[in-house]
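Letters are used for the chains, namely A, B and C, taken in the order the chains are written, and counting of residues starts over at 1 for each.
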Amino acid sequence: MLVQILINGLILAGSYALVAVGLTLIFGVMRMVNFAEGQSVMVGAFIAFMVAPYTGYLISIGVAMIFNAGLGIIIERTAFRPFRGAELNGLIASMGLSIILINLAEIIWGTVPLSFDTPFNDVSVTIGSVGVSVQRLIVIGASVLLLGALWWLVEYSRLGRQFRAVSEDPEIAAAMGIDVNKISRASVVIGSSLAAAAGALSGPVNLLSPQLGQTEMLNAFAAIILGGFGNVNGTILGALFIGMVQSVASVYISNSYSMSIAFGLLLVTLIFFPRGLVPERLEENV
Amino acid sequence: MSDRKRSGGMLAGVSGGVAVSMATAATVAVVIVALLAAAPLMLDDYWINILVLGFISSIVVLSLNVLTGYTGLLSFGQAGFVGAGAYTYGVLSVWGVHPLLAAIAGVALALVLGLLLGLPAARLKGHYLAIGTLGFGVLMAQSLNNMVDVTRGPMGLLGIRSFGWSHQVWYWAGLAISLALVALLHWIEKRTFLGVILKSVKYDEISAMSSGIAVFAVKLGAFCASAALAGFAGVLFASYVRFLTPDLFTSADSFRYLMMTVVGGAASAGGGWIAALVLTALPEALRGFGETNLRLLIYGATVLCVLWFLPQGVGGVLETCSARWRRSRGGAAVSTAAANAVATASSSTKHPAPDQQRSETLS
Amino acid sequence: MSRPLLSLAGVTKRFGGVTAVDGVELLGMAGQVHGLIGPNGAGKSTLIGCITGVNRINAGEIWLGDERIDALPVHRRARLGIGRTFQKIRLPAQLTVYEAVASGLAASWFARGGRGWLHAFTSLRAPAIAQPVLAALEAAGIEDIAEVRVASVPYGRRHFVELARTLIAQPKVLFLDEPATGMTADERQRFSRQVRDVAARGRLVVLVEHDLTLVGELCDQVTVIEQGRRIFTGTPGEAQRDAAVIRAYLGTMSFVAPEVPPPAQSPPQPPAPTPGEAAT
């Protein structure tokens, strides 16, 4: 049972983390929340679904990520760049975009949930006393790999330093010669790719439908609040926490309330920490 | 002495200039309202239905105007208040409570929820507020879904008592109530001290506090008022459609209301009203294009286009038009304003010179 | 000697590991213009934040007349009679000047408990609002831009909007944080006159300024702050001669404007000393 809970928690945490990290990157750089991120997840899942019969599952994940990178460029141009300085409008624009994407998906793929089957679903490995499908292990493994790569990128690479510079203060970063537009684009591209991975990975574990990704996005929001907007490390930890809590809750309390628990926790956290668990900036000096 | 005359003249000039433009704006508005009032006699039941739903949605949008447009507080969970009002009315009426009492209870419960949410939320800023309210909306939707004993959850709540109005009466009631609220909110925002207080909180909290405004109390009040309005819309909705399911009050619906608000111009009650009607009617009007998906696609694209090209929303367009109208009517003889000032100051109340107010052409 | 209108004792404020204000004492009398000066980053604005309530102090006492105010929130202190302007001008940008100044009435209207809410639905053009607002606008010389949006008002004049908004509530103590920044010489003069008026009506004005000429002109007393600590209180003249103050400013302080060479059209300079005279 414990192993089961752990595995489930890690799977949930993995997809939440992939989505949340993308969101937190985008937020840190653009100061806007991407409400179309859930649809990025969904598109990634569908692309992988369509490509997998030809390239095999593992490569299809990569293809989905590349496709979504392109999607990210479009998203940045249409829903983010025009609204720098008017962030509320940007939020609403990404909402409008999400409606467009969901309905496009329904036109292309219909509304009936599809089953994304991969050969890995049928192979199991025994851990302790429990049989775990290889597919689920792949989900966990790939999540860890991607998140690790991203963490390395943000902490140690030049691009990562630029991300952090722009997140701190876009004006000063621009004055230092950083191309803020390029960094903005990069954040959305990376965010979309990670979302695609989340979709491609969770597609086989859940059913595939244009509504996919909404839950992941909502939980990712909770993770970001816990971990701090713009804070990659904190967000990953936040996602881990939420994934585990939901996994435990769905077994011991009830599945239908599991999301309420995540958000209930969130609200309680906000009551005691109105600035989030990880404070963003120093007190505003008046 | 001249000081007093000047201020007296300015006072009169100000009210005079406003009176002139309001007279013409009022005539135009009356014509439009008359047309709308006559609509039930010209349109078929299907469109009457759409418009009633549009009026009800506009009340939710007005609640967002108060919260977001006037006070600067984001709410991504407004559907939660609507659902609370709707289900309270629905459940009580199914249990046999008189509709009026049930309606009052619905609004009251929504208001209490607004207070409960406002207590933590009024201390949150920006994106934390957005996501906190989103969480509230999700919690409400899930609770409505899970409290099956009370709400019958996904099976739906049937047999809700209506107010006993016919389709036409619903239309006129919806039109009258929504327009009355638009007028009330517009008056509060533009012409009262309360409007100035709200907007001071919206634009700069710290200086508002230093001016003696109890910012937290104002925000809490805004949450309560907004929740009560949304709950009222929910009560109307429940009484009109008489069948409720929890999936009518999800985050997607909260987003929809927020989109209408922003398209209308967050701070514009009139713009919000128009946007609510248009964005409710638009998907239906596009039925000619066939399936739901294409219609909603166009809906989303419309929202994006308005945001790209009309960032101030419909309300911004209204403002520009009325400002241009005012200028064209009183813009002459700015240079003679000084000469007029002394001469007209004494007779200011009779025939106010709109030119005296022309200092605003600076903006 | 009358009772001090404002008194601070041992006021301390820490931000994380940094002590921004350290045990400051201050006495301000009614009718006085009290300057608060010191090198950049000395903690003057933070101190004002402590007195107005934006910053919660870690230690010490702040008294306004007979009332102890250091535990009160910002808006309550405002309603008791503390007004302030900000170093970075803070105004509701999208309101008109008229509306912005009108919002300042909240401090006096809500001063006596719940009665202020009866005023909430007062029309903005009703005499109850229009009279004090227009009077405040005229006193500040900004009645001509009453209907202009604050965001469109040129920077120098915005100080006057802030001032009018603060004065309309007739505060007992007025804090001005670097109010002369960006003002023309004319505006500076008008400003000085207004400050002297305010003090003459029995209020206390606390002025934070880097323009020491202005400080010298206006202030009866100055308190010098360095690294969060009060190092001197006295008249501007005395401050100029105090050793600690000079050290803090590295000897560059002067309350009197340096002598400016006369313009070209003036009568010719007196003849240079002949080689025979000793040059000292």
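Quick note on the criterion: contacts are C-beta pairs under 8 Å (C-beta built on N, C-alpha and C of every residue); 3 or more make two chains touch, one makes a residue touch a chain.
Keep in mind the model is a prediction, meaning the values are calculated, not measured.
Undergrad: Counting one step per pair of touching chains, how far is subunit B from subunit A at the shortest?
TA: Counted as steps through touching chains, the separation is 1.
Undergrad: Please flag the chain sitting at the greatest distance from subunit A, going by CA centroids.
TA: So the farthest one, by centre of C-alpha atoms, is C.
Undergrad: Just give me the whole-number Å value for how far the CA centre of subunit A lies from that of subunit B.
TA: 34
Undergrad: Using mean CA coordinates as chain centres, what's the gap between subunit B and subunit C in Å?
TA: Distance between chain centres, rounded to whole Å: 41 Å.
Undergrad: Report the inter-chain centroid distance for subunit A and subunit C in whole angstrom, where each centroid is the mean of the CA atoms.
TA: Those two chain centres are 50 Å apart.
Undergrad: For subunit A, give me the residues that contact two or more of the other chains.
TA: Where subunit A meets two or more other chains at a single residue, that happens at 286.
Undergrad: Return the residues of subunit C touching two or more other chains; collapse runs of consecutive numbers into ranges.
TA: In subunit C, 54, 86 touch at least two other chains.
Undergrad: Find every residue in subunit B that makes contact with two or more other chains and list them.
TA: Those would be 206.
Undergrad: Which residues, counting only subunit C, touch subunit B once they are in their complex?
TA: Going through subunit C, the ones touching subunit B are 52-54, 73-75, 78-79, 83-84, 86, 90-96, 99-100, 102-111, 119-125, 129-130, 134-135, 138, 143-149, 152, 162, 165-166, 169.
Undergrad: Which part of subunit A faces subunit B closely enough to touch in the complex?
TA: These residues of subunit A touch subunit B: 27, 33, 35, 78-79, 82-83, 86, 88-89, 91-93, 95-100, 102-104, 106-107, 214, 218, 221-222, 224-225, 229, 256-257, 259-260, 263-264, 266-267, 270-271, 274-276, 286.
Undergrad: Could you please specify the touching residues of subunit B with respect to subunit A in the complex?
TA: Answer in residue numbers: 68, 74, 120-121, 123-125, 127-128, 130-132, 134-136, 138-139, 142-143, 145-146, 206, 251, 255, 258-259, 262-263, 266, 291-294, 296-297, 299-301, 303-304, 307-308, 311.
Undergrad: Please output the residues of subunit B touching subunit C within their complex, sorted ascending.
TA: 3, 6-7, 10-11, 14-15, 18, 188, 191-197, 199-200, 202-204, 206-215, 357, 359-360, 362-363
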